[in-house]
Amino acid sequence: MTSGARYRDGLREDVLAANLGLVRQNLVTLTWGNASGIDRDAGVIAIKASGVDYATMDVDDIVILTLDGEIVEGDRKPSTDMPTHLELYRSFSEIGGVIHTHSTWATSWAQAELEIPILGTTHADFCPGPIPLSRHLSAEEIATSYELNTGIALRELIAENGVEDLPAALVPGHGPFVWGKDPNDALERATTLEAVAQMALLSVALRPGIPPLESAIVDRHFRRKHGPDAYYGQAD
Amino acid sequence: MTSGARYRDGLREDVLAANLGLVRQNLVTLTWGNASGIDRDAGVIAIKASGVDYATMDVDDIVILTLDGEIVEGDRKPSTDMPTHLELYRSFSEIGGVIHTHSTWATSWAQAELEIPILGTTHADFCPGPIPLSRHLSAEEIATSYELNTGIALRELIAENGVEDLPAALVPGHGPFVWGKDPNDALERATTLEAVAQMALLSVALRPGIPPLESAIVDRHFRRKHGPDAYYGQAD
Amino acid sequence: MTSGARYRDGLREDVLAANLGLVRQNLVTLTWGNASGIDRDAGVIAIKASGVDYATMDVDDIVILTLDGEIVEGDRKPSTDMPTHLELYRSFSEIGGVIHTHSTWATSWAQAELEIPILGTTHADFCPGPIPLSRHLSAEEIATSYELNTGIALRELIAENGVEDLPAALVPGHGPFVWGKDPNDALERATTLEAVAQMALLSVALRPGIPPLESAIVDRHFRRKHGPDAYYGQAD
Amino acid sequence: MTSGARYRDGLREDVLAANLGLVRQNLVTLTWGNASGIDRDAGVIAIKASGVDYATMDVDDIVILTLDGEIVEGDRKPSTDMPTHLELYRSFSEIGGVIHTHSTWATSWAQAELEIPILGTTHADFCPGPIPLSRHLSAEEIATSYELNTGIALRELIAENGVEDLPAALVPGHGPFVWGKDPNDALERATTLEAVAQMALLSVALRPGIPPLESAIVDRHFRRKHGPDAYYGQAD
């Protein structure tokens, strides 16, 4: 591309910061996990390159691509999960950042192929229902465009729940995907998901068959942080 | 307020230190959790602002309020849990610091809606009985002054147990509240509660139905650290 | 005492180092836990003062006492567990360092009142049998010289097993006591015990009723590290 | 040996780095664990000395030996597990680095004497089947060349599975052995094994009897990272 690339200053830096944040929040081992962000005006995304070392990662390890997956800038191959990220950006204009990890506790739920039940206000502050599993892919879907089909299954699940009510999902036997308004928001949500997953697992270990949090508390907490009546935090 | 605010030097600094201590003791994720302290002579409390980042937190993020919740000093909104803190300060003159967290192990007990049984001397050094759950709130109590009503339920529980024998409680489906003679004392107690909660969960996993610690040991340990016959630590 | 105190240079420093090592090895929370060491020629022990902060601990927080518990040097009160340490030093000339902690995993076994079964070579490298529980104290023993009686119960257990075969024991409902040839050896053993306790708990969670390690492997590993045929490590 | 030792520059440094990497990845406690590497042209291996402290470890703690176990360079005794490493290097020309640890989660599976089932894509990215246990040694094999016989049992298991499909195995009641194309590759695999072991244990705790990952996903993920059709990471 020409040096006059038209995407906003700071896009690659923000995506780099979210990727490095995965390490700081103990959400990645080795080179696993990837964060991306979008500039909707420019129609491009920025995403981590495949298999690069977090310890030496810099902006040159962040690749710029069109929404069709054409590389616009960067000498490195993008994350193999790039087609999953792109499907989410193409499908939901509300999504400005996407993260995939193999974080320990959320992945343990994904491997057990169990949705994460809503057991407390930490979860209700995050979303108003269980963290669901996306559907199984067919043999055909696995054999052909596997990563794109993973994105399609996630898109179906988000459409069903409403993007405003679903910040994350578990791909069965794989691990979590998380999205937000920008890469940093996705990072905070990935961090929250892992904490919610850990506490849900420990609560279930203490008391198998524990009922979900009562809906009056769920509603109160979700509305305390989200939507027109939110009163948590400072005004932006 | 005027610059001649009449509260003791160091109140905001002590409350800031207790909030930062929550991070050091691994009791908080992201912006969750809040610590406060009181100056009873001045009739004001200091509490963390809502949703602020621990990494950059300074005294400007500590808000001063009257016991009725009127802001006396500070440009930021206080923690949403402020009415819970205030109810505890108004009800018990022995309380000089209050902390609320979503710490992993204590919150897992709160989500399982189980009191933490007294299984060892670490717990007996802390308090002479199980860590109880406060009662469920009614739909009405949740819909109206939710945070105040949380404080009222805690106040009832403390009154029942005696403030000298109850340093902490679990709000069901939510997480722990902890109090002490000052913010740092509350921090030490929040740290102790989390260790007690973790070891109780692991002990119960090893041996479901384990009986509580025998009362002769409970009494010996609680009196070793508390009350007129205490002989642990250095004389103040 | 006179300034010509006759105990070896470095005794207090070694005991301080072992106490600080407890923090580095994640074996203590707040002020819990204590390490001591002995100078048998001088007939004195050095032990941590009671309830002091590890972050600011220095040699002035290490108290020197006779084997009868008379303070020889130091302005602070010794650890409340001092009488337990003294009973072990008086009873076994092989013991040169003693440590008590409330470390998470070992304490969870102590609270469950279960001995730690020998399930692997990590444990067999450490000792040739389960980590046992000391006996319960009588109401009389708890009410009177509680800490001394804890030491007497440990002494009986060590005498039964042989001090060369028993590096540690669990006080039921309380936590681990560990001893070694000097304070640093006791620290390494306290670290090993915690790792052994964690892996035993996880192994039992995976497979309840798991049989102990076969005795041929236990013998091989214990003799690989201990006794006349040991071949692990460098010659001293 | 003469100062003209004919092994490649950097062999000892690479082996030192892999040993220190075990600490950084939280795979070792105290002096446990050892990493080695080979120079096949020179016919020598480099391995950690026995029982040395990781905090002060340097290249002088890395011993050079022939494939028959003769010391070529170094003043220290090699790791007691050296005969196990040598048997793997002698048996498989593909192996360029070997690591043994007592890492917490993998060792817990080894102690439970259960193979690690393949429950997710993190595992499928690593190897296409369960992580197996090597066979039990006979009393005769334990009493005589114990460490060599451990290597022979691992060699039989690798031969059965194919070295390209088996990066690691569990010695029952002991812990994991891991191999790779060089010491750093073995370190990455030891790190992966520990993460896989932890998530498998947590998944099984959540849902006992959980079925293995479907084979279509296993194949897709293993081939995404390994073999002629691999497309993960950057071209070497």
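Letters are used for the chains, namely A, B, C and D, taken in the order the chains are written, and counting of residues starts over at 1 for each.
The rule is short, and it goes like this: a contact is a pair of C-beta atoms (placed from the backbone, for glycine too) under 8 Å apart; a residue touches a chain by one contact, two chains touch by 3 or more.
These figures come from a predicted structure and were not determined experimentally.
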item: Self-contact between copies chain B and chain C, residue sets same or different by half; value: different
item: Size of the rotation, in steps of 5 degrees, that lays the CA trace of chain A over chain B; value: 90
item: Geometric centre distance via CA averages, chain C-chain B, whole Å; value: 33
item: Computed distance of Cα centres, chain C from chain A, in Å; value: 47
item: Touching two or more other chains - residue numbers and ranges from chain C; value: 205
item: Interchain contacts, given as pairs of chains that touch; value: A-B, A-D, B-C, C-D
item: Residues on chain B engaged by chain C in the complex (per definition of touch); value: 119-122, 188, 191-192, 195, 198-200, 202-203, 205-207, 210, 213-214, 216-217, 220, 224, 231-235
item: Parts of chain D lying in touch with chain C, wherever the complex brings them together; value: 29-32, 49-52, 76-77, 80, 102, 104-105, 107-114, 136-137, 139, 142-143, 146, 173-175, 201, 204-205
